[in-house]
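Quick notes on the structure that follows.
As written, the chains take the letters A, B, C and D, and residue 1 is the first residue of each chain.
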Amino acid sequence: MKRKLATFVALITGVMIMVSWTVSPKKNENPAPHKTIKSHWPNGDQLVISVSMQFETGGQPEGAESPFSGNPLPKGQPDLAAESWYRYGATEGIYRMLDLWKKYDIKVTSHVVGAAAVRYPEVAKAIAAGGHEMAAHGMSWDNQWNKNYADELQFVKQGVDAVAAITGQKAVGYNANWLRRSPNTLKVLQELGFLYHIDDLSRDEPFLTKVNGKNFVVMPYTLRNNDIVNIAGNHWTPEMFLSQLKMEFDQLYAEGATKRRMMSISFHDRIGGTPAVVKAMDDFIKYAKEKSGVVFMRKDDIAKMVINDPNTPVDNAEAQYNK
Amino acid sequence: MKRKLATFVALITGVMIMVSWTVSPKKNENPAPHKTIKSHWPNGDQLVISVSMQFETGGQPEGAESPFSGNPLPKGQPDLAAESWYRYGATEGIYRMLDLWKKYDIKVTSHVVGAAAVRYPEVAKAIAAGGHEMAAHGMSWDNQWNKNYADELQFVKQGVDAVAAITGQKAVGYNANWLRRSPNTLKVLQELGFLYHIDDLSRDEPFLTKVNGKNFVVMPYTLRNNDIVNIAGNHWTPEMFLSQLKMEFDQLYAEGATKRRMMSISFHDRIGGTPAVVKAMDDFIKYAKEKSGVVFMRKDDIAKMVINDPNTPVDNAEAQYNK
Amino acid sequence: MKRKLATFVALITGVMIMVSWTVSPKKNENPAPHKTIKSHWPNGDQLVISVSMQFETGGQPEGAESPFSGNPLPKGQPDLAAESWYRYGATEGIYRMLDLWKKYDIKVTSHVVGAAAVRYPEVAKAIAAGGHEMAAHGMSWDNQWNKNYADELQFVKQGVDAVAAITGQKAVGYNANWLRRSPNTLKVLQELGFLYHIDDLSRDEPFLTKVNGKNFVVMPYTLRNNDIVNIAGNHWTPEMFLSQLKMEFDQLYAEGATKRRMMSISFHDRIGGTPAVVKAMDDFIKYAKEKSGVVFMRKDDIAKMVINDPNTPVDNAEAQYNK
Amino acid sequence: MKRKLATFVALITGVMIMVSWTVSPKKNENPAPHKTIKSHWPNGDQLVISVSMQFETGGQPEGAESPFSGNPLPKGQPDLAAESWYRYGATEGIYRMLDLWKKYDIKVTSHVVGAAAVRYPEVAKAIAAGGHEMAAHGMSWDNQWNKNYADELQFVKQGVDAVAAITGQKAVGYNANWLRRSPNTLKVLQELGFLYHIDDLSRDEPFLTKVNGKNFVVMPYTLRNNDIVNIAGNHWTPEMFLSQLKMEFDQLYAEGATKRRMMSISFHDRIGGTPAVVKAMDDFIKYAKEKSGVVFMRKDDIAKMVINDPNTPVDNAEAQYNK
């Protein structure tokens, strides 16, 4: 009977594909059996999904954005409720997400603030032990766009070193505070041996840009599938977030039949790690895994896959800053 | 049993139709076979839908509205994340929407900022090549309500000329920045040979107004079915936007059986062109196309259809400004 | 087969009633056949619903709340887009709602701003011709809470007289601008012969309060089922608004089996009169009408029904102001 | 054919269960018959849910947060509409919620502001008579984080005494205004004989912390399942709130198979007590009760159950303040 069910699903899928054939014969070439897809990803997949899991708790400054920050206490007065809200990321949030990734054998990219790893080394170690990528996110929650070259390099390097000292893993990917890098950031990153950064929203696939004449990977990030923007900021329910994920997936997966498409999803310890959001993500993973040719990857693995691939797009829109 | 179920459903539907007949016999006269509708549109359709696709990216000023603009950087400091968010409109957004219009053979009206076309001529050309209307949207993102007559005329003309130089198409329709025209705008537009403007929210059908004694078409625009208002501004999910479109359609389509009704939908390159919003619009088009007598049209074609039609309403509510 | 369907529905209803009996035998006494309900409404109904339809367009001051008012133009500069948004209420909104009330033979209470009726007398007349209650809403959009007794009386009286001159109907119910009456308002209203006001949110049923020693009816108003609060202000979709209406109805209808319950719904010309909101209300009316003992009433009729009823609650919480 | 459909559904369900077994055999151990669960709660349950029902109406200061407070009236001018909105909590809200708890035989924790009990003693008595916990919430709506030790002790004690004088019940649990306690609060509470406080968001289970060397229980509170945050503040519909509750429940219940998990839900008289929110909660209770091993408890009973249990986590993150 199990086989019958599979047949049934295959038939429905078949019918759906036929319908789309009729409507738009050129756009939706039959993705059909996975192995025979003429994919534009080197690994033959139709859609690459990459999850970012920010670990920042403990690195936040006084008055950092929280459900209480709209009405801040006077400087120096501890906001104990806000602090307890942040602690949730380290006591519950990251562990709950790690359980989810393990359940589905997914590896994610974790952008770790140096100070958070120092404050909660056991959490940083648990992330690394799960096989996830330890990416950099600065030494602390601090503006990066206004630092001079030397200070910025020091700031990034300290964060990398702090996490490496605890977990033994050296970051090759970078995420700046609120995505706001300086005009020097890519040069700083390249000097420090980074392979890619994610603070760019211009494409739905990774691309190459020249930094001091050498290839650097720009990995698409997302404000659309981002818990801090849409759940904390825009007050979506987890169910609304799930709806966004599914609709974005549907579209990108369909496009993936004819071109390279990547879907980025972002979670933060104290938001994405709450029960209902993890439940939403669990439902989404099940939904995505029903399709063939869908893979969840760490961003360092994606960067390595595309950096020398001749089909990777090149975009030097910021060339003025990168030489 | 399956047949019984179908019968049951058919019966329920039948009962519902009978009920609505009984309750409101005059309003909902059976629209029935398309050809026999006594429509109030000259072309015999029951509902005209018109999509606006704003192409503005590259024309925005420093600090323009984005997910980052609530917390602006100091003047002169490039906001690289915000700029990359805008670039999405030119690298992904417009192309994804063009694919959608092509899939369903829909022609839309594209309001193109002059500076955007200059910055991304290949995008402007792709829009024109798709058979879409090149409408005007000013030379750049700039207040229009505070310009004097000569400056305003110059500002509008430059935008028209810039797009015409690139695409060979001269605009006959206008959309002002944030809909905020000056008291002179309609006179300026008429002097420049425009046929219509869209910066009016007072009706669900186009109407005529006298400008310097001659007919000028006012095309209904929308804040209700508008991605920048409801998705970017009011934080609706794409699914919520879809729900709005369907319910608006249901009502206007029903009304279209007895009077002229038009539905306006508006997208912006970097918002409407994201995957989940295009997926929502794809679902909406399928939904709308299930009904007979529904047509998607460019606004210039609508303007030409109504400007000499005696059944087009006349409204001179702004007569004081237009002479 | 039609009879079978009815039987089927009756059976389902029966089962549901039995279930509620079991769970909570005292609270939910079987509402059963309509005529035999031991209702707490004098008319024997289980739930009274009353719709308010505010007609205000044309009476708004410069810079009045609109989708444009967050970013106001300088004083004296006409905001033509905002004005056209308001005009929608008079050209489309009220008429669309009138069609809906007629479709279901519902009479509503229309709170009419005097200046709106003067500006659009044909709209005021159409409301009155539909058999709806012409209630008062001040002469213009103006603060009422800060007027002295004489000025407030004059302001209310002018509004009543303006509408009466156009429609021949004299208001007996009152709604203050943004519900914000002064401490004198009830005395002013009583002096002018009013029967009730609606600017109170404290109960889900009308109650009596003593004003200068005589009974005055306080009719419950709503911010919960209010288009200007939840659609314009809180950015709900019409579908979300419908969900709120249905859930509120479900609860109040159930409570109505054992006590007097009233549901208040509020629409404003330019918001509630848009296509998708009218579609939502249409769906809600169908939903509500499926239950027995549900009636839609004008507020003046409700006031007359309860003012001399000994079961009407008395609440003198504001006694300090009303003598 | 009907039987075939049922078989099909059963098979799908079966397959899904098999899949989850296969993917994560350790996490989701079959909860199966209640008595045999190896639960981490002393009482053998899989999930403990605790509802807070804040009674505050009548204790609010002038200008307190309401739908009107965004646009405050001048000091001294009574905001009669806002006051009537608050009164709803005492006339309708608390009673409606009490009916709901009674319907399902649930006991909740009610955080009562002293001044509210003084203003509406009959409401306080009705809560106590329902078997609910009378917990403390300060004497009035006032900042607590800025009081010195003596003033804070006096403020808390007055509130406890006021409620005890009316209901005969002395609080052992505390909730500070907007969760914002001072660094001294736990010491103050312990001196006054309190057993626990709830102003902490760091865990999904109660934990112990040392205060002056003795165990004090920290009970998890919630901003996620909180009507004032999400319905009043974030403008969720009651249906959206229900969706949040269900998804949070699904996740915590699943986790409860292998560790101690608690779900906290919070309502305020004038918000949670409105019809549609009570309807949502009614639906949620039904949903939760379908699972075995789910129990609704008062927080004092939970505190007593865990305070001497060796499996209760210990967390002294705020040790610096508590000695």
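Note that in this section contacts are C-beta pairs under 8 Å (C-beta built on N, C-alpha and C of every residue); 3 or more make two chains touch, one makes a residue touch a chain.
For reference, the UniProt names are A, B, C, D = Polysaccharide deacetylase.
Keep in mind it's a predicted model, so treat the numbers as computed, not measured.
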Original post:
Could you give the fewest steps needed to travel from chain A (Polysaccharide deacetylase) to chain C (Polysaccharide deacetylase) through chains in contact?
Top reply: 2
**OP:** Look at both sides of the chain B (Polysaccharide deacetylase) and chain C (Polysaccharide deacetylase) contact and report whether the same residue positions are involved, with over half shared, or different ones.
**Re:** different
Subject >> Distance between the centres, which are taken as Cα means, of chain D (Polysaccharide deacetylase) and chain C (Polysaccharide deacetylase), whole angstrom >> reply: 34
Subject >> chain A (Polysaccharide deacetylase)-chain D (Polysaccharide deacetylase) separation of Cα centroids, rounded to whole Å >> reply: 34
**OP:** Find every residue in chain D (Polysaccharide deacetylase) that makes contact with two or more other chains and list them.
**Re:** 235, 240
Subject >> In the complex with chain C (Polysaccharide deacetylase), residue positions of chain D (Polysaccharide deacetylase) that touch it >> reply: 67-68, 71, 73, 77-81, 84-85, 87-88, 91-92, 96, 99, 102-104, 235, 237-240, 274-276, 278-280, 282
Original post:
Within the complex, which stretch of chain C (Polysaccharide deacetylase) touches chain D (Polysaccharide deacetylase)?
Top reply: 23-24, 27, 145-146, 178-181, 183, 199-204, 223-224, 229-230, 234-236, 240, 243-244, 247-248, 250-252, 255, 315, 317-318, 321
